[in-house]
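Both complexes below contain subunit A, partnered by subunit B and then by subunit C.
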Partner chain A sequence: MTGLLLRRFRDLIIILLVVGTMMFLIIRLVPGDPAVAILGANAQPQELANLRQALGLDGALYEQYLAWLGQVVTGNLGESITHNAPVLTVIGQHIGPTLTLAVISTAISFCIAVAITTWYAVRPRSPLARLVNQSAPLGMAIPDFWMSLILILVFALTLRWLPTSGYTSLFSDPAAAVQSLVLPVAVLVIAQSALFTLTLRESVLGELTQMYLRTARIKGLTETQVVLRHVLPNALMPILTIVGTNFAVLIGGIVIIESIFVIPGLGSLLLGAIHTRDFPLIQGITLFIALLFVAVNLLVDLSYALIDPKVRVS
Partner chain B sequence: MPLLDVKDLTISVVTDETETELVHELSLDLQHGHTLCVVGESGSGKTVTALTIMRLFEFIAPVYTDGEILVDGVDITTLTADEMRAYRGARIGMIFQEALDSLNPSQRIGPQLIEAYRPPGTQPRQASRKGTQLHKEAHAKACSLLAEVGLTDTGRIMSMYPHQLSGGMQQRVMIAMALMSDPDLLIADEPTTALDVTTQAEILTLFRRVRQEHHTACVFITHDMGVAAEIADRIAVMYRGRLVEMGTAHDILSAPEHPYTRALLDCVPQIGVNRRDGFPTISEELLEAATRGGDDSPGTAPATQVTALSERATPSPGADTPALVLDEVSKVFGAHGTGRLRRLLSARPPVHAVNDVSLEIPAGEFFGLVGESGSGKTTLGRMVSALDTPTGGTLTFGRHTVDAGGLHGDERAFRRRVQLIFQDPQSSLDPRHPAGRIIAEPLRELTSLRGAELDRRVAGLIDEVGLPADSARKLPSQLSGGQRQRVAIARAVAAEPQLIVADEPTSALDVSVQGQVMNLLLQLQRTHGISFLFITHNLSLVLSVADRVGVMFEGNLIEVGSPAAIRTSSTHEYTQRLLAANPDLSSYQRGG
Partner chain C sequence: MRTRLNKGRPPATGLVAVAAAGALLLSACGGDQPSSANPDGDGSVDAGEPVVGGNLTVAIPSDPQSLDAAVNPTQVAVHLANTLYEKLFDVDEDNQAHPMLVDDYTISDDRLTYTFTLRDDVTFHDGHPLTAEDVVASLERWQEFNRTGQMIAPDIESIEAVDELTVELTLNTPRYPLIDELASPGSEIFRAELIEDVGAEGFEQEGAVGTGPYQLKSWEVGQEIVLERFDEYKSRSEEDLGGLAGAKHAYLDTITFTVVGDQDALINGLLTDQWQHIMPTPDHYEQLKNDPNVVVSTLSGGDLNVIVPNHDESSIFSDKQARHALNLAIDKQAINAATGGSPEIVEEHGAFVSKDNVDFYSTEGSEVYEAYDPEKAKQMFTEAGLEEGDTLRIVTSNTFPQFNQWAVLLQDQLGELGYNVQIDPYDFTTMLDILQEEEWDITTLFFNGFLNSPQQMPPLTLGAMNSSGSPEMDQLLADYNAATSEEEAKAVVDEMQALVWEELPVIVLSSAKPWAAYSPKLKGYDDYWRVFWNSWLEE
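So, the complex of A and B:
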């Protein structure tokens, strides 16, 4: 267990270093002077020099790199140009909506997948099981933005049941928050639950051929008991890995969803930063998402150690 | 009234609109408290019969049955699914070959045992509800049964997971589980096949005790006549889905009537019987000829034949086959790196797989290495073939040496001289390569043969190992188990090696096919003067063929000697335990 933690920590450092260095280089590889790009061609030389210094763009490349590295190591991601505040503070202000979307949609997708697959395992030939199974690939294939627009068109513009966009924090006004969350969460759930269902179904099918089910049956258990007590607990384990590896895809989806539904989360922040060429902020958000990705996968590994006896007791 | 009465049972399976008959008009009966051994080779339909008696096929395959299976006078083939559930566990218990796979990997032993407790009038899993009287009863019963099957510290075992137990312990748990509801009938499908021979002896003793103390009748399925001899009251021999012969164990073993039974008994390697000049094998033609008179009056003609092996070739003057010399060879797993951090990070203590083994195998010797699982025999074989590097000591084969630094010298020359045959030809042959390509591969890599010359050599090899000429174009899946092993052997001898490491090459094969493969290996040893390191767990087999035998135990080579010396005058306690545990037919030995 200690070994796992140490290895993960090493991975975390390597990933952050690689991602950070790439971002550092990309910004410096942008043709022309970023300071000019930000301030425009008519800027005063003094202004440009100040900005260059603020961006850490003055001096030789290795000096810039070392300075940047020193800052990052001490937890200083720099100042956002457009927000006039430290990058970390800005990220902190926008992380709430993104996490809300990610956690809620993952949780709902997980429950849907378990429910559908249980039904499928007990009644593999029922029409509902077949319908769901055949529509799952469709759910994965539909692009997020298209689904968002269709849902807005139907539920917000035509039926007028829900707001087209906007965001309210769950903690300040739960009722309004739920209203504004329904559509974006639904879009994320459609793709995610389809992925989880397909994965879980494969896993269940694999478990159904295992010999310990024969043992469960020779004890005289009913088929429902066999599935609930023996198949599912074993079949659920692999899906955790999918939850972890899918996280990057999920964040990508959230960036699109946030901009369509005008949700002030990390995705909108990132898009805004790209539009305004707020390089420190872009760098900060990218590093932060990489950190989040590694952290989620570490959590997945740790939860394996908790639920899988083969990992827990060796 | 017999407890189990199977009448004219025909089992067929429908796949892609063709119906295949797996069992044909089988009739068996079993009295209360008796043990019936069903003996047969693979494809004889013995496991299919067991699963059908339990009606487990309805969950996995479209199988149709005809005939009656009476349990205490009730035909269970006519029961509804609900009624049948009341028979499973409560009336009929079952034990499988693979104990680990048969236990739920993510559930502790205790709950799995308790789940099987189902006294009359209760629902399935009713005993699993914690805090109820029934749960307490079940818990007490599980503990007492675990103690009865020979496990100590039952409380701790109840809270363990299956993978934490050894193979023997897992099978004991399975037996306890089958006994949780006091069934009248126990069906055991090869319950000892996956176990070491000493563990097998203990489990067989356990079966005998269970029969005495619980008066449980048992259908015991096995491919091993030796095991049947140890445990059966009556023996039923099956061949290709049909009952060949049934009678008391004594009659079947000492005076078999059917030629197939006789042939099967002849093929079993026996301690003290020298087979160095060839094993008897079951010949299809002879068997057919012997049974042509019909099942009522089986002939007396033998159904086995002994292939006469050719004389030992005198080593040609230019032959430079060296001896294999092992000098204090050791292998320790999990000790890579000596740094303090490394040691801190590795959770497990290092495993000493092989300990200071010194041995010399002279040119042309057939050296048998016998040991149980975990004895280090396979690791030793891998080091001899330079697939693994030792952590200490040196292996020398002519100019080639293998030590902690790996293989020194020309690797291709070494591979040409030292080849391997593995246990399972199913998984050691590339499923997408036809046999001809598999055999040609080492020739292409290690020799300069190309084109027509290469094809001629492959055809010659196919002929030499006794495969039909058209095998070259067939995929491994289109060949039988014995044929696949012949392909593996042809591949091994293709580059004309001087030493072959054969790791359990016959363990996955039926006993009659084992004879054929052994004959082939012995023939190759004679004609080409190849040295063999023959690794096996089968003491009877190795004692009947090897020039010398080494016994491995916990990483140590504890004894080396001629088969006769090992058999009669071994002083080592472990060797004697192996000999005692080895299932043996010699008490039923007939003259000749």
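So, the complex of A and C:
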């Protein structure tokens, strides 16, 4: 276990270094810098030069890189140019909404997938099972933005049950927060639960053919007991990877949902940072997301070890 | 809890003011319809009794990121600054400067010494009284970090506090637009103590202390900014100047500025009363105009939509004849009709400011603006050395969809004359960089047409971008600063306008009227951007 952790830690350092360096170079290769973005169309050359100097963008590329690297090693991601605050603080201000969305939608999707799959395993021929079977691919195929617009049209604009957009923190006003979260979470759940259900079903189907189930049935267990106690725990292994990776993707990739529902999360922060060429913030967010990917994968691996004794032994 | 108040504007005065504004505009526009007397705007005429209390939620497209108005020139920051802070002078709805923090002022005979006496009852949001020291510190910083301030700095000899409430500003050369420039965004008066040692990066939230009718209550970065009524605010007495000038009555308890970037979310939120005031893109004008549950009105000012030819030697348009050929080849009416959203929000004129910017609006050169003659254009292109089959490069941006649309229409119009047009669209920041670094022939932009000093106006000072400019224009800019009377200044403005259409630093397509859509519950709104003092919510 310690070996695994140490190896992962080594990989983490390498990954962060590579991602950070690549990001540093890529955003500087793209034309336009923060000074151009701030001063706009009618900037005078002297103004640009002054601002670049004030922002520390006037040195040679390798000097800027070394300065940045020196900062990062000490855990300092620098100051955001547009937000006038340390990058970590800015990320902290925006991670809340994204995490809330990702955690809630992943948890709900996971529960839905388990419930549906259990039902399907116990009653494979029931009409409901067939319906779900048919509609899951549809859930995956519908684009997020289209589903968002339809839900807004129906539940916000026509029925007026829910707000069309906005975000309230769960801690400041839980009632308002739940209202504003229903639609974006629903959109994410539709796509995710479909993905999880399909993956889990494949896994369950594989598990159902195993010989040990015959023993369980002979012992006198009901079909529900067989599925819950024996099939599901074994079938969950592959889906953990999917849930983990998907969670990390959500953190970095729900820009569209955040934009449609006006949620001030990490995705919209990154988009804004790219438009304004806020170099330190872009680098900070990408590093943060890379770190999150690695951390989530590590957690998934560790949970394998907890769930499956075979992994621990090997 | 809301209570009714009787101290609102008397309806009759409101009517007179609208009529007067209309008359002013009529005289300025040579008989055209006054743009601000608009039938949909609720104005103050029939709005009823003001109601005190409540919260107004206003959608803004992005977070202001810094509330330091001296260093942050973005529109959202300027609008918030207008409510939080005040300047020595502020502009009315026709962009005319009036005293705001200044009670009285004198100008010496040689026009070099300005003595400002401040109002003695003004306090900052933190309770400190306004003093001459605050003005000196703010204007010193203005010269160092603000674009307009930097532009004026060479002409300023000194700014000194004579006593507690008197400031003396000494110039080394007379400057006609000085008062207007002191009424420009960025010249806000801050507390001296709070801006000490604050550089170009701007002050943090704690520095956002002004003398305006509303003070900062809370700010969740990227989400919302809440302003609350400043109870100690002492209003000026002049009612109905409009814009940023005159009396300010804070009827609303709070104003919440909510960040909404997505256009659909913006409109849906207005329709479901999540917010009560929005400023959407032109393509939504007709839809909202036809919605009975929404009030739509056009606002003061206007954005100049321009085609920019490159005067640099690398481009054919370094030749004046080629620029005039381009002007003749552009079917401006067709472009405006296809991309303006609605004729009601497109003003077709060639002035380098918006029509209601009365001091600077001029019709000089309008025959050049109106001319459209593709055949002659082709002949002039040929004389300038552009052959059929030659390629022109348009660098544009899809950050603002209309830019790309103009480029495509231009490609079509020039294509019919036999020229190849290559369109390179980038995001806006990339585009600005490409314009500096690479060779190009044409680009597309829009500029604020509601500025109040010629040196602030891009069509006259775009040299750094497209190598335009001439000794004649420099001389006119100097002449304007040296003017001694309104007539003299106006004559210079006419010459500038004529020169713009002769040299073609930009080719104006139209002026886009800014507009707002708001809830019928919002009363007393003055059709002036995001200014909500004197506004209230109907019960």
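We adopt the following convention: the second predicted complex is superposed on the first by the 279 of 314 C-alpha atoms of A that agree within 3 Å, B and C clash if a C-alpha of one lies under 4 Å from a C-alpha of the other, contacts with A are read in each partner's own complex, and residues count from 1 in each chain.
Criterion: a contact is a pair of C-beta atoms (placed from the backbone, for glycine too) under 8 Å apart; a residue touches a chain by one contact, two chains touch by 3 or more.
Being a predicted model, the structure only gives us computed values, none of them experimental.
Engineer: Quick one: classify A:F247 as touching subunit B (first), subunit C (second), both or neither.
Structural biologist: In the superposed model, A:F247 contacts neither subunit B nor subunit C.
Engineer: Check whether subunit B or subunit C contacts more residues of subunit A in the superposed model.
Structural biologist: After superposition, C is the partner touching more of subunit A.
Engineer: Once the shared chain is lined up, is A:W68 touching subunit B (first), subunit C (second), both, or neither of them?
Structural biologist: It touches nothing on subunit B or subunit C.
Engineer: Classify the contacts of A:S268 with the two partner chains as first (subunit B alone), second (subunit C alone), both, or neither.
Structural biologist: A:S268 contacts subunit C only, not subunit B.
Engineer: By the touch definition at the top of the document, which applies to A:F288: first (subunit B), second (subunit C), both, or neither?
Structural biologist: A:F288 contacts neither subunit B nor subunit C.
Engineer: In the overlaid three-chain picture, which partner chain does A:F110 touch, first (subunit B) or second (subunit C), both, or neither?
Structural biologist: After superposing on A, A:F110 lies clear of both subunit B and subunit C.
Engineer: Once chain A of both complexes is superposed, is A:F196 in touch with subunit B (first), subunit C (second), both, or neither?
Structural biologist: A:F196 sits against neither subunit B nor subunit C.
Engineer: Taking the superposition as given, does A:G3 touch the first partner, subunit B, the second, subunit C, both, or neither?
Structural biologist: In the superposition, A:G3 touches subunit B alone.
Engineer: Between subunit B (first) and subunit C (second), which, if any, makes contact with A:L221: first, second, both or neither?
Structural biologist: first
Engineer: Jot down the residues of subunit A that show up as touching in both complexes, subunit B in one and subunit C in the other.
Structural biologist: Overlap of subunit B and subunit C footprints on subunit A: empty.
Engineer: Show me the residue ranges of subunit B that touch subunit A in the complex, using the header's touch definition.
Structural biologist: Going by the criterion above, the answer is residues 54, 56, 59, 85-90, 92-94, 96, 98, 101-108, 112, 115-116, 118, 124-125, 160-161, 163-164, 174, 177-178, 345-348.
Engineer: Note which residues of subunit A are touching subunit B in the complex, please.
Structural biologist: Per the stated touch rule, the residues are 2-3, 6, 210-223, 225, 229-230, 233-234, 237, 307-310, 313-314.
Engineer: Going by the contact rule set out above, which residues of subunit C touch subunit A in the complex?
Structural biologist: Against subunit A, subunit C makes touches at 62, 65-66, 73, 147, 199-202, 204, 220-223, 258-262, 264-265, 268-269, 271-272, 274, 399, 426-434, 436-437, 445, 447, 458, 461-462, 464-465.
Engineer: Provide the residue numbers of subunit A that touch subunit C in the complex, in ascending order.
Structural biologist: Residue list for subunit A touching subunit C: 30-33, 36-37, 40-45, 47, 50-51, 54, 82-85, 90, 93-94, 149, 152, 156-157, 160, 163-167, 259-262, 264, 268-269, 272, 275-277.
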